[in-house]
Each structure stands twice: as C-alpha cells, then as structure tokens.
Amino acid sequence: MLTQNVWAESEALVDLSRMRELAPLTHCITNIVAANFTANVLLAVGASPAMVIAAEEVAEFAAIASGLLVNVGTVTKKEAKAMLLAAAAARKSATPWVLDPVAVGAVQFRTDVAKKLLDHQPSIVRGNASEIIALSGSAGGGKGVDSADDSATAVPFARELAKRIGTVVAISGVVDYITDGNDVISVAGGDAIMTRVTGVGCALGALMAAFAAGCEPLRAAASASAIFSLAGERAARIAPGPGSFSVAFLDELSRVGLDA
Amino acid sequence: MLTQNVWAESEALVDLSRMRELAPLTHCITNIVAANFTANVLLAVGASPAMVIAAEEVAEFAAIASGLLVNVGTVTKKEAKAMLLAAAAARKSATPWVLDPVAVGAVQFRTDVAKKLLDHQPSIVRGNASEIIALSGSAGGGKGVDSADDSATAVPFARELAKRIGTVVAISGVVDYITDGNDVISVAGGDAIMTRVTGVGCALGALMAAFAAGCEPLRAAASASAIFSLAGERAARIAPGPGSFSVAFLDELSRVGLDA
Amino acid sequence: MLTQNVWAESEALVDLSRMRELAPLTHCITNIVAANFTANVLLAVGASPAMVIAAEEVAEFAAIASGLLVNVGTVTKKEAKAMLLAAAAARKSATPWVLDPVAVGAVQFRTDVAKKLLDHQPSIVRGNASEIIALSGSAGGGKGVDSADDSATAVPFARELAKRIGTVVAISGVVDYITDGNDVISVAGGDAIMTRVTGVGCALGALMAAFAAGCEPLRAAASASAIFSLAGERAARIAPGPGSFSVAFLDELSRVGLDA
C-alpha cells in the first residue's frame, strides 16, 4: 500500500477562505432528491449555486460558470443528453467539473452514461467505493446508492482510473481517499449519522466543484472533504437525530473557519 | 359497519424491528416535491432508499429492489411510462409495491394513469379518502392533494376496491383505515400538524413499501401507519411549528422502538 | 424619483387573515430545487399548495385553482410548453397568476420562454433587480440567480414593464419595491440570511399567488412581501445559521398574525 498523506485541517481552511472570497458560480446538474440540499450546502458555505438543467441551456451556462457538477442520481435519457453537452462545454471552456456516478454499477443505463461522461475528462470523480470500482470497469458490489465495499478496497481502482483518464478520484467512506493516480490523500472524521441523511455525498461533489474554482482538483477534493468532515463532526455532537443533524450541518458549514 | 380492529403498537414494533434488520432496498418513483423528505424518512427509520426514475432503468431496478413505491404526484407522460414498466417488473418479480394515487379524481390524466397502474395489481394502495373514492370509480370530492372527505366515509369504497383488485387499501386521515376487503384495521393517533408538512403522506407510502419487504401487505400498511402516528405524536409534543415538526419527526423516526 | 409608499404591516395582516380564511388552492409549476420548500411555506402560512406540472394536466388544473405560480428556475423545453398552457388557461379563467423569471438574462432559452409567458399577461411578475431589468428588455447584469443590481435601480424598468404589459412588478432585494406602473410601494425588513437559503424568493412568488386569490395584485404582492419580511426577521433573531433559519421561518410563518 502507498503512503497516504493525511490532509491537514489548516490546508482545508486556506482553500475554504479562498473559495468564500470567490463565491464561485457553481453550476449543478443533479438529481431531484438532492437538488435542494445541495443548493443549501453551497449557499451555507459561501458559494453561489445555479441549478440549470435544460439541454437548451447547459452548454451556455457551463461555459460561464466557475465550476460544474454532473450527478447521475436520477438521470433520464433527456438529462443524459444535457449532461454530455454540459461536460463538453465545461471541458472546452476550462471550467473545472465534477462527475458523481451515483449507483453506477447497480443499473446499466447510468453506467453507460457515466462512462460516456468520462470521455469529457472530469476534473474530479467522486463516489463511494462500489461506484468507483464499477466505473473503473471492474466487478463491484453496488446495491443502490449505498456502498457494499470499504473505501480502502477501492483505492487501487481509483488510482488506475485517475491515471487512465487524467483525473482526480475521490472515494467517500468512513475514511475518504483522494488520488490523482500517484499521491493518495486520506481524510478521516465525519460521523456515521452523515449516511442517514440523503444527499450528503451529492452535496460534497458540488462543494468540490466550488472549491475547484480556486485551486487544483486534488486540493479541491481533499479540502472539500475535510470541511465536510469537520462540520459533520460538530453537527453530530449537538444533533439528537438525522433531522436535526442536517439543520445543524448547514449551520456549522456557514461558520466553519470563521470562528474567533 | 364492520368491526374494526385497532392495530396494537406492539405489533407495529415487531414489524419495525424486522424491517430494520432487513434494511430493505426501497425503490421510489415519486414526485419532485416529496422525493427528498421521502428518502430522509426511509433513512431515518432504517431502510435503504433508491430514487431511480428513468424508463431505461426502472424495470431492472424494481426487479432487484425489496419494495417499490409508485407515487403519481407530479406524473408526466414520460414518467407514466416508467411507472407502468416498474409496476409490471415488480409484479413479475414478486417485489411488493405500493401505489399512491395523489390527487386522483381532481384531474383526468393522472386518474387514467392510476387506473392503468391498478392492472399490475399493487400490493397496497395508499391515499386519502377523496383519492380512494375516486380510484374506486365513484364520484369523489377531490380538491388537489387535500381530502374533502372523511376517512371513514371511504371505507366501503376501499373494501370494494381491495376485493376487486386483490390488494390492500389504506386510507389516511385523522384515523387511518386499512383493509384487504374483509378485515378493517384502524390506526388512530398522529397529530393535525402532520397535514401542515408536505410529503408526509407520500413518505408513508414509501414506508409501507419498506415494511412490505418483511411482512404481508395488510400488516405492512397497518404497522407503517402506526409507526408514523407514534413518531408524529412525539414530534408534535416538542415542535412549536411545522418547520421544527418535520425535523423532530425524522429524529423520532430514527429512535422509535429503540428507546430503553 | 416617485414617492414610495411604505406598506403598513396592518394592511398585510388584513390580507393574510383573508387568505387564511380562503385557504386558496395554489397551483405551482416551479423548479425542482424550490418545490418542497415552496409547498411547505404555503402549508405553513395556511394556503393549499398543488404541484401539478404535466402538460396533460396543467390547463385543467390552472382553471380550477385559486392562484397559479409559474417559475422558470429549472425550465426545460417540455416544461416550457406546460407553462404556456397553464398561463393561457389561467388568463382565460381569470385565475390570478405570478411569473417568476429566475435567472432570466443569464441564459437565452429561459429569457425567450419568459417573454412568451408575458403574452399571457401575468397578474404579478416577481424577480430580483437583474431579472426584472433583463425581462424589461434592457441590458442587465444577471449572474445566475443572484442579482448583480440593487433593487432601487430596477424601479424605472419595473414601472415601464408594468405599464406596457398591464401587470404588477415586484422587485425583491434588501428593500422590495412593488409597482403597477404608477404607484410604487416599498417593503423593507427581512434579514440578509434569507439570501443564504435556497428557494426563499421562489416561495415568495408562490405566496403572492395565494394572496392574489383574495385581493388585487398590487396589494397581494405587497402584503406577501411584508409577511415574508416579518417572519424572516423573527426567525433570524432566533436562528444561529441558515439551516435553523429555514426551520424557524416556517414556524414563524405559521404563527404570524395569530399571536395573542
């Protein structure tokens, strides 16, 4: 196993501060379940979300946005077309973009869509272990959107995928791993309750797109993960259940790094 | 009027405990308003939600899921096609499935869609009194998604529909009634504030699908209703308004039956 | 500059009281991000929301509804068709309707859609300064959904648009301005945190549609704005961040005007 560098909280706070100054226009093409929470996470943390999804609009918008998220969580045929147009435009305009391959491996259609999206070379791919393994072309253990695999198991697949595509791959789990094919960064922390609220992983992908407006993808993915872990830990300490957790999580995201 | 059996809380807690052990993969094709809350309710209570909606994916996914919800709340022509494919696949694979005929009777298109869905014999139909009366083919008093009829009024229509289709029909209201055409079970409790939060009824349909993974439909519908009433009462006691109610409701769902 | 009349809280409370008595069926065709929050705002305040979006259903429903909101936040080609059908039906049936031109000016497709919707003469147009300026046909400074322009700057454009179309135009900002082309009403108050929660502006458009069921459009827009400001101020006082703000805002909306 490679040496894994633990990402320092201080590094994450530097990137967060830069992101807040930029207030990056973050274009999200995401699923109907997580759209609201994703926009609220971006607003809480200081980014400027824009949920533009029509095939008629996405290319024009991805070109002017500072970052783009493409999340295939509830992708349909028509949305797949829009996602491909947006990804192509982002690539052409050098807008950093993040692919979130939700439940890839569990069903065929979205697996095909996600693989076509890879041709437009995302800056970052973020998923759980099962999704990353499936996307890399190997046999995974996906069951819906939850991961049947441990995040560490997926590291070799992530490295291979990152090298092959020329991207950064982030595996979310109890420990998050982020790799550009060579270096592997780990981010621990967070809390198990984060898996009991829908859209937390989806919102993390969006935050990576916002961070990528101000720093290189490897840093963006690691710092966004670290900020999520930090805010998640704090929120978990004061929330008695998943309903109050998601409220406290937004509150903590709005003040992380701003504490006196 | 038939004898109505009041469903015992102890029975509901037995089914809840089994559901939590199974953590059933619950496939939801639901409306854009309730999708997020529905997923959060399922996660809070211990099920594993998956919101897969594309016509290209639903049949494949319904076949591997443990339960399926089809909710016509914001159905369009394209989604109607996906719903019919999913229902057919569920029926073929013996995946228990729940039909929620939101606002059927108020507008024609969805009324036709819901009636076609009945051909695939849902395990459970859950709606308010107006919706159940309209779906049974009688003249109802539907005004949007709120019911103009009292739930007790709908019991004869529910029994007739249940017998004719071979399904369980659950009528939500101040008192919930659940019938397989012969027996009628009643579940009281809950709180009026539950009608001031969008998606509570929709999420109940999803919970019935999750419960149906582990027990027969009549029990599943009654126990899911009872768990909702219980958590709703507890949340209402501590919440000063509808915003804080939905937060407290998720918290209570996550701990109901786990109290020392 | 014209004299601006400050809208009295007492006037707003009169209209709120009438609206609660009517509990108007408020038909919303809105974006996937704000749909849930919008429905919860309407329920909290005492209206009856119905999110009916299919091209097959909207005309039938807009005709029986007491008010209609058309919000182009995530409009696609198919939804644009439904929106035009709904607006035409509302106009024909004298159902008051509100147009929310989200991000008009930032991308071309939705700008064209919004301009076509104007042909069906909305009762109220609600947007931020950039959106109103763009919709009026002048060069605006739109960047996604946030406004690059101050609300006062947009007043002359709003007056011109209101006169030309025969509508009421409401500009949301730190101060809200509402005009029928002649009178200009201002509503101050609210709190900056309202811009850190997604869908607050969208929900305000829906509330205007609900109010318009019971009073003329100018009053409806002003009173809805004033109620939002009042509830927003109260919620901001007790909420430590944007997550808890949106919870408290719903709670405050449910009790504003009912305080002993």
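Per-chain residue numbering starts at 1, and chain names A, B and C are given in the order in which the chains are listed.
Keep in mind that, in the parts below, a residue touches a chain if its C-beta (ideal position, glycine included) is under 8 Å from a C-beta of that chain, and two chains touch if they have at least 3 such contacts.
Here the structure is a predicted model, which is why all the values come from computation and not from measurement.
With contact taken as defined at the outset, subunit A and subunit C are each touched by B.
Superposition angle, subunit A onto subunit B, using Cα atoms only: 120 degrees, a multiple of 5 between 0 and 180.
Counting the residue numbers that touch the partner chain, subunit B and subunit C have less than half of them in common. Averaging Cα coordinates per chain places subunit B and subunit C 32 Å apart.
In subunit A, 32, 36, 246-247 are the positions where the chain touches two or more neighbouring chains simultaneously. Listing the residues of subunit B that touch subunit C in their complex gives 31-37, 73-77, 103, 106-110, 143-146, 195-199, 240-244, 246-247. Residue ranges of subunit B in contact with subunit A, taken from their complex: 25, 32, 35-36, 39-40, 43-44, 48-57, 60-61, 64, 78, 246-252, 254-255.
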